[in-house]
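The following block contains the structure, expressed as structure tokens.
In order of appearance the chains are A, B, C and D, and numbering begins at 1 in each one.
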Amino acid sequence: MTTSLLDLGREVLAAQNFSRLLGAQLEAYEPGRAELVLPVTDQLLQQNGFVHGGVLSYLADNALTYAGGSVLGPDVLTAEYKINYLRPAVGERLQAVATVAGSGRTQAVCRCDVLVEQAGERKLCATALGTIRKRG
Amino acid sequence: MTTSLLDLGREVLAAQNFSRLLGAQLEAYEPGRAELVLPVTDQLLQQNGFVHGGVLSYLADNALTYAGGSVLGPDVLTAEYKINYLRPAVGERLQAVATVAGSGRTQAVCRCDVLVEQAGERKLCATALGTIRKRG
Amino acid sequence: MTTSLLDLGREVLAAQNFSRLLGAQLEAYEPGRAELVLPVTDQLLQQNGFVHGGVLSYLADNALTYAGGSVLGPDVLTAEYKINYLRPAVGERLQAVATVAGSGRTQAVCRCDVLVEQAGERKLCATALGTIRKRG
Amino acid sequence: MTTSLLDLGREVLAAQNFSRLLGAQLEAYEPGRAELVLPVTDQLLQQNGFVHGGVLSYLADNALTYAGGSVLGPDVLTAEYKINYLRPAVGERLQAVATVAGSGRTQAVCRCDVLVEQAGERKLCATALGTIRKRG
């Protein structure tokens, strides 16, 4: 009996206190691609009623790490990333989709789009690019 | 009677639900420089017991915005930033110090170092560079 | 009689001394997308015989600016960008394809992939993400 | 008789065709710090008479690599970097100063400021942050 990549990924997420605090869920996970979702709650907002940029960053960072881990193995960390915010995030749910642009033996370069869903419509609110690295 | 920049900054931080959830405090704030601190609690950790990268990102993002706002005025947003993680963050307290590298009428380019304090010692655990923009 | 976007773009490129020095050509140009190519010559190499990273950066930077300019108008500049190098660039020709991820009235966030062609095969050797801004 | 770090660095630079084409010189080189300079010539300009962004990128990229190589050894490459342009570069000479923010066994995170000198005055025109990695 084998544990699927998705199951393994969900175990890791459940072991991240910060991810539980925010309420992130691993929606899909396969080699080269990870999808995290996060219901928007009041506690995630900033002073103008938008989702705080730090939340979008957290989600992008985590999705990038999952994408990298899907090709490098579970013991990885985010070495660095960059994020561009495209529009204020207003809506019910965030979705982060990360993919692997290229990878070697110890590193993977990954991209992530963060979308916000509002009334059934999804809009790109941030996009990120970063490096995931094997630990040790 | 005037309200100081630090007082204004603290009002904004108090109006950020997400910052209150995490427990960030504005320690110092003057034109061109902002300092945020964040006591490390269990809820901010990831699966290896380190502070989650998303927390470091949040803190850098917010400190960058404050630094930019100190020269552009309060109605600003983070357009983009990049962060490099230098070492796992283990300790009692995070400190993010952001400064303005250069600014124009509508934008400021800011840097931020994130340090972790452990047993009286401070170590650099992340460094960031980003653009803060006036809204509208 | 109208001048096409491609013709306008080629005029700008011809007015860039540095682009002429390197030999870049604008291969395609339409709203939201720009494609620059650059034949690899000995003068573009570094000490290991690979194309110098600075050449890939130049090409990504310029392609990002063209992509942004295609939706913002010709008077734009690159505010910032980030580039990840994926593999050493060895081959006969570089191709940079930039697209607009999102844009507003004064800014556009653009992505760029840089590919190297060798013996009829194309490989991704760098990927970039950046902000293009209207001047003034 | 030993060869100094500066001499070694200059040998590498002399072996970079692209650096010779542009005219870069290694002005100073010590553990943790590198300084490259580049006289501004007409061939480095873009259509508005400013130094082309690609030139600033090249210089930042190369200075970052030198800084990383000063602590990691000569066989390094730039994994990624981000650059923010602060003002148009107009002047006689560019100077890029790169320092190591933090380093491990295989990687170094480095910063670089690019200044332009005009009539005896130096102004910051770009700032960069990136990762240098040991090859192999």
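Criterion: a contact is a pair of C-beta atoms (placed from the backbone, for glycine too) under 8 Å apart; a residue touches a chain by one contact, two chains touch by 3 or more.
It should be emphasised that the depicted structure is a prediction, and the values quoted were computed from it without experimental measurement.
Engineer: If we look at chain A and chain D, which chains touch each of them?
Structural biologist: Expected: B, C.
Engineer: By CA centroid distance, what chain is farthest from chain C?
Structural biologist: When every chain centre is compared against chain C, the largest gap points to B.
Engineer: Go through C-D and A-C and name the pair with more C-beta contacts between its chains.
Structural biologist: C-D
Engineer: Quick one: chain C and chain D, Cα centre-to-centre, how many Å?
Structural biologist: 21
Engineer: When the C-alpha atoms of chain A and chain C are each averaged to a single point, how far apart are the two points in Å?
Structural biologist: For chain A versus chain C, the centre distance works out to 28 Å.
Engineer: Scan chain C for residues touching two or more other chains and write them down.
Structural biologist: Each of 79-80, 82, 84, 109, 131 in chain C touches at least two other chains.
Engineer: With touch defined as at the start, can you tell me which chain A residues reach chain B in the complex?
Structural biologist: That would be residues 12, 15-19, 21-22, 42-47, 52-55, 57-59, 61-62, 65, 77-85, 88 of chain A.
Engineer: Looking at the complex, which residues from chain A come into contact with chain D?
Structural biologist: The touching residues are 79-80, 82, 107, 109, 131.
Engineer: Using the touch definition from the top, list the residues of chain B that touch chain D in their complex.
Structural biologist: Interface residues on chain B, with respect to chain D: 82, 84, 86-87, 101-102, 109, 111, 124, 127-129, 131.
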